[in-house]
Amino acid sequence: MATTRSLPQRLVHDWLPVAVVLLAVLIAWYVAAWGLNAQGAIERVLDEEAGYTQMELFEATMTMERPLMPAPHQVAMDFYESLTEWPIDSPRNLIYHVIVTGQSTLLGFAMGTALGLVLSVLIVHSRTLDKALLPWIVASQTVPVLAIAPIVLVILGSLGFAGTAPKAVIAMYLCFFPVTVAMVQGLRSPQKIETEMMHTYAASRWQSLWLLRLPAALPFLFPALRVGVAAGLVGAMVAELPTGAQAGLGARLLTGSYYGQTTQIWSALVMSALLGLALTGIVAGVERLVLRSRGGV
Amino acid sequence: ADKVTVQLKWVPQAQFAGYYMAAAKGFYKDAGLEVTIKPGGPDIAPTQVIAGKQADIVVDWMPSALAAREAGVPLVNVAQVFNQSGLMLTCKKASGVASPKDFKGKTLGVWYGGNEYPFLNWMGKLGLKTDSDIKILKQGFNVDPLLQNQAACISTMIYNEYWQVVDAGVKEKDLVTFFYEKEGVATLEDGLYVLEDNLKDAAFVAKMGKFLKATLKGWDAAVKDPEGAAKAVVAADTSGSASLKVQKRQMENVAKLITNAGTKKIGYLEPAAYERTVKVLLAGGSDPVIKKDPGKAAYSHAIYDAAQK
Amino acid sequence: MTESVTSMWFWPGMLLLALVAGYSVYRMAAVQGARWVGMATAALFGVWVVLFWEILVRALDVPRVLLPAPSLVMGSMVDHAPKLWGDFVQTVGKAVVIGWALGCGSGFLVAVAIDRMPFLQRGLLPVASLTSAIPLVGVAPIAVMWFGFEWPSKAAVVVLMTFFPMLVSTLAGLKAAGKLERELMYSYAASYTRTLLALRLPAALPFIFGALKVNATLALIGAIVAEFFGSPTSGLGFRISTEAARMNMPLVWGAIVVAAVTGSLAYALLVQLERRAAFWHPSVREG
Amino acid sequence: MNHSESTHLGTAPSQTHLQQRTAVEVRNASVIYQTADTPVHALSDIDLHIAEGEFVSLIGPSGCGKTTLMRVIADLEHISAGEVLVNGVSPHDARLARAYGYVFQAPALFPWRNVLANVTLPLQIQGKGKAEAKRIAMEHLERVGLKGFEGKYPWQLSGGMQQRVSIARALSFEPKILMMDEPFGALDEITRDRLNEQLQQLWQRERRTVVFVTHSIAEAVYLSTKIVVMSPRPGRIVKVIDSPLPDERHLGLRDTPAFMELAHEVREALADGHH
Amino acid sequence: MNHSESTHLGTAPSQTHLQQRTAVEVRNASVIYQTADTPVHALSDIDLHIAEGEFVSLIGPSGCGKTTLMRVIADLEHISAGEVLVNGVSPHDARLARAYGYVFQAPALFPWRNVLANVTLPLQIQGKGKAEAKRIAMEHLERVGLKGFEGKYPWQLSGGMQQRVSIARALSFEPKILMMDEPFGALDEITRDRLNEQLQQLWQRERRTVVFVTHSIAEAVYLSTKIVVMSPRPGRIVKVIDSPLPDERHLGLRDTPAFMELAHEVREALADGHH
């Protein structure tokens, strides 16, 4: 059905709802900014003795230096200035931080995916690992990352890992979980009849894995990769805090919070959401390519 | 060149201007050293870093350094850069606090991680019970609780958070401040610490002597030239958040805490000041940071002496 | 202890012990039947891991501030049991439970509400994936700013983290009922509500439980991390951050253990609940 | 399109088992599915008249539109052209009046309901009281030979038993029109024979209108009062055969010459349509 | 347990189509499934001899153990007691020697492989070269009438076409023994007839040993040289019937008295076992 839609129809069908929802979010944001900032504006910006009009109050809430919630246009301005007024290799340009965070995210994502794949293959093939490992993998995700990140970084540092690698390890820690769980499910998804067919061909374990289980698991893998890359981004940003908040979107968030630059926090937040969207978009693109190459399943 | 890695306690700011100044002005290079300055942050414990052998020397406050010592990381103070405490409690007049007597029934923001003990000590002196008379909030690393009126008073540093409150639009006349130094509960802040074992190594002591000498030179320069110090700090900030104006002001306030700047005494740990800090820490609450007096083993003047050559 | 490492027998000994450990877990896993076998195997594996951790930390003389031995952690947990209990009540009893219930509940209700509005769904889902990429380290300071340092700000973070996974899962679950089954209800001229209650919600149960489980661990982590950015003087996150700053690593790990055990128990509990509620689902039926 | 025999449908045959009231009236109906490349003519120009109380079988090769035609009648599919009336009203209204009991090719039982609860489901929807619903359901379960299984869950039954539950469910509803899409496809011959017999008796007793899809010529001949032979690409009716067999039937009938002759006629029509 | 006729199996009947070498030998085999409540006797005391080149049909009501017996022969299930030999070795060794081509009741095609790739799958596993695998696969696809569809994906085919792909897949493997579990269950009668004819011709040509499960008496009689009638609870063989029909068969045969007589014999045996 969807294939018969023309381009303008597709635009209306797919993007109009998003536009409407975003517009609603924007309006709600303005209202919230006005409501949340009002008290601070009365206390710290407006001269109470001199009195003020409601219009002045509204204006003040939209332009505060240190708002409780910056107005969207303030964030947009900050965004714009950051991107246009500084060279790309300047720490004041958000793209610079996107690159830093993006690197550790992608590296961690790659490592996490690899680890997840290996673990899931082992778990599926070994009853022992299935029973012994799976509960601990679940438990591993209940350990608060931010709490162990500093320790992990120091330990990794003493093992000689520095720079992007230790941050990528934290990203990996969050990435591998969805991949493992989904792949265990996916590798087990072939029906009995299909595994028995391979059995009658006297296919080796390896052949069964390669010819049946892995292809059958692909539809499970890609949604997990999309979740995983988003989780990896969170991990990379969390890992930037205990590495001295030097650079990266996580560092921007932290220093923004530290220096009370609310607008900076929000533009870093928006940027990280966009980065997350871009990364999941890339994964979705790869997914589409792979699935098309096998006929659309 | 000899390699030295120093771990700071917090993000790049004028609080650490001496190190950045020494690097910027080439003092370290002149001393034949290749120095790596690792910035810190709220989640970095310098003691953990040095225990993991990721730094040769760390900047830390004495409460957490002595706590680490008791926890099995034998840190030794080898130089005390700040000889005054910049810690204070900043309150909004509007909340009804005019003197320490008024704390009763109020919410007070406190930094934890060792810094709570001077505070508890102080409350003890005031006769305020911390579980009923006042409400304590574990303060994050910014001043929002005061701005949002979530606390009547918050912990601030004279060189940093206090000014953030002011920058946020609260007028100085609407604020009341209480210095730990004046209340007699101050502990020693930014000092330099190394692992005890390393002090037995003469080469290490000599190297650190060179490092300390260059660093103190950097501090002298920074105190003299706040503008230049601010520039060095901002240049070193890779997060792109530090601003020149703020850092310059911070440097000017930091300078007030290094009263020995420009004299021979800069960096020298006064044993009396050390004793006083230990006493404050031992006196805190039911579960103090340190349970026994570490004695003279917790500081050494060997490197300071080496730096004087 | 260091001399034990230098002893030429240490590493061969460890290797031997590792083999014994591996074999015992293997044998345990091979036991047929009862459901406790799985748990026992996992527990045995855990016991071995802890034992190796203990031996290696001691033998290699790892500084306590980096990685404390499990025995120290246990000791510290016993010594500070009342404190940890208070932290548990503060974090789990208030922020996590309330935030999780509110987040999951509202996610579910909104999903049911917009189930009939494909337009809103097409608009909301991309926005939902946008927000899911926002890390809680960014949200937590804002939440503390808005909702104060007491538990409501942590609950708010938890609500935000759990809302969208529940929304997305429930929407997917409501679409999970088979075409045939839906047409059957349609041919009965069953009302929307009737179809929802008799067919679509039961069919969505596995999805809903999936979100409940994921959210349980997310909620715990979210509340703990939010406490790093300002909290009252108790809570697991408060404990972890303050004790880490004063180098009391055994207690830090004690708090982490409390968190992990809580998370795992919650997860296991939800798995059991799911077995009851979605008893008919093939994944449950097979055991 | 040689559905010439379907034209005399307007005038119902004079056999006694056909009442004169019309149950289903399809006129000139077409269904076209829009797919990626070319549109599929699933049904083309269908004319069909079903009187109340008839047992009509649809037979034809895979893809000839049997299911589609059933779905059109039951308001599960919309026609692209033409007209469909059920009990004198549109399929939509007939559905709202709860005219249909639909047995799908797969049992479509709800796995979270046990056998009894599955059968009572439509009764519940109809607003029947608990006790009454249970009584009716038990009665129909007994009829399909599943007494004693009412507490079991669907996955605890064999495929044939599941299908029987789904038949009981459709029957208990007491629909005006019973639609059955290959209900016995998955059963072995003997069970199938037995169910055929039961279905025949049921129809004898109650004379509901039944629309029945099958691939088995013998089944169609044994059960129906009217056999509709269809052919694919485009889906159309090639022949409508009114059964000359008596209403009272038993399995032995299948060895009679009359039966064989009718079966032969159906097979011929099928072969004709089959290219 | 009146499988008296199965006793003279050791001495092969004198019909020409039976070679003397043994393909499958089942002696006293039992299969018991342990379930939650009571153990299920899926197969009880089975004796069966299949000579090379025979076409053996298993027929019997649902749950009588037809599938289980097939699975035992193909090493998909272990026997609880007794002995099974395939080509003189254990089923396990026979499987490793790639003796079986198994056609399951459902087509079990891999949706991510197109028709050609599905058929070459077993060849690939066997280690055949790409070009050769393709050649063989194309040949067998042509044989089942699917030339020109090799680039299509399974979901683009009708159910009958899918089943034919799965047959081509089993054949291309050139197995010594072809096991087919209700391969035509889902097809309409005419397609089914056609495939029956093709299968018959194929067997004529190649004389592979075939073990075939069906619910259709006509199908069993039409195809087999030996019909094994089974009965449930516990699963056992009630009768083994050697077909007196000639090897050369065509669909017209079904209307001959010899055919009908045999069909009647099978139906009787089935009815005997059916209680």
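Just so it is clear, A, B, C, D and E label the chains in written order, and each chain counts residues from 1 on its own.
Definition applied: a contact is a pair of C-beta atoms (placed from the backbone, for glycine too) under 8 Å apart; a residue touches a chain by one contact, two chains touch by 3 or more.
Bear in mind that the values here come from a model prediction, so they are computed numbers and not experimental data.
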Labels of chains that are neighbours to chain B and to chain E: A
Smallest number of contact steps required from chain B to reach chain D: 2
Best-connected chain pair, where connection means C-beta pairs in contact: A-C
Most widely separated chain from chain E, with each centre as the mean of CA atoms: B
Euclidean distance of C-alpha centroids - chain A vs chain D, Å: 53
Rounded Å distance between chain D and chain E, as computed from the means of their C-alpha atoms: 32
Length of the line joining the C-alpha centres of chain B and chain C, rounded to whole Å: 37
Numbers and ranges of chain A residues touching at least 2 other chains: 68, 146, 150-151, 154-155, 158, 241, 254, 257
Where chain B touches two or more other chains at once, by residue number: 42-43, 45, 48, 51-52, 140, 142, 144, 148
Per-residue multi-chain contacts in chain C, two or more chains: 66, 141, 145, 228-229, 241, 244, 249
Interface residues, chain B side, partner chain C - complex: 42-43, 45, 47-48, 51-52, 63-64, 67-68, 70-73, 112-114, 116, 135-140, 142, 144-145, 148, 150-151, 289
For the chain A and chain C complex, residues of the former touching the latter: 13-14, 16-22, 25, 36, 68-69, 127-128, 130-136, 138-139, 141-148, 150-151, 154-155, 158, 230, 233-234, 237-238, 241, 250, 253-254, 257, 262, 265, 268-269, 272-277, 279-280
Interfacial residue positions of chain D with respect to chain E in the complex: 60-63, 158-160, 185-192, 215-217, 270-271, 274
Residue ranges of chain C touching chain D (in the complex, touch as defined): 178, 180-181, 183-190, 194, 198-199, 202, 205, 278-282, 285
Residues on chain C engaged by chain A in the complex (per definition of touch): 25-26, 28-30, 37-39, 41-42, 44-46, 49, 66-67, 119-124, 126-127, 129-139, 141-142, 145-146, 217, 220-221, 224-225, 228-229, 236-237, 240-241, 244, 249, 252, 255-256, 259-260, 262-264, 267
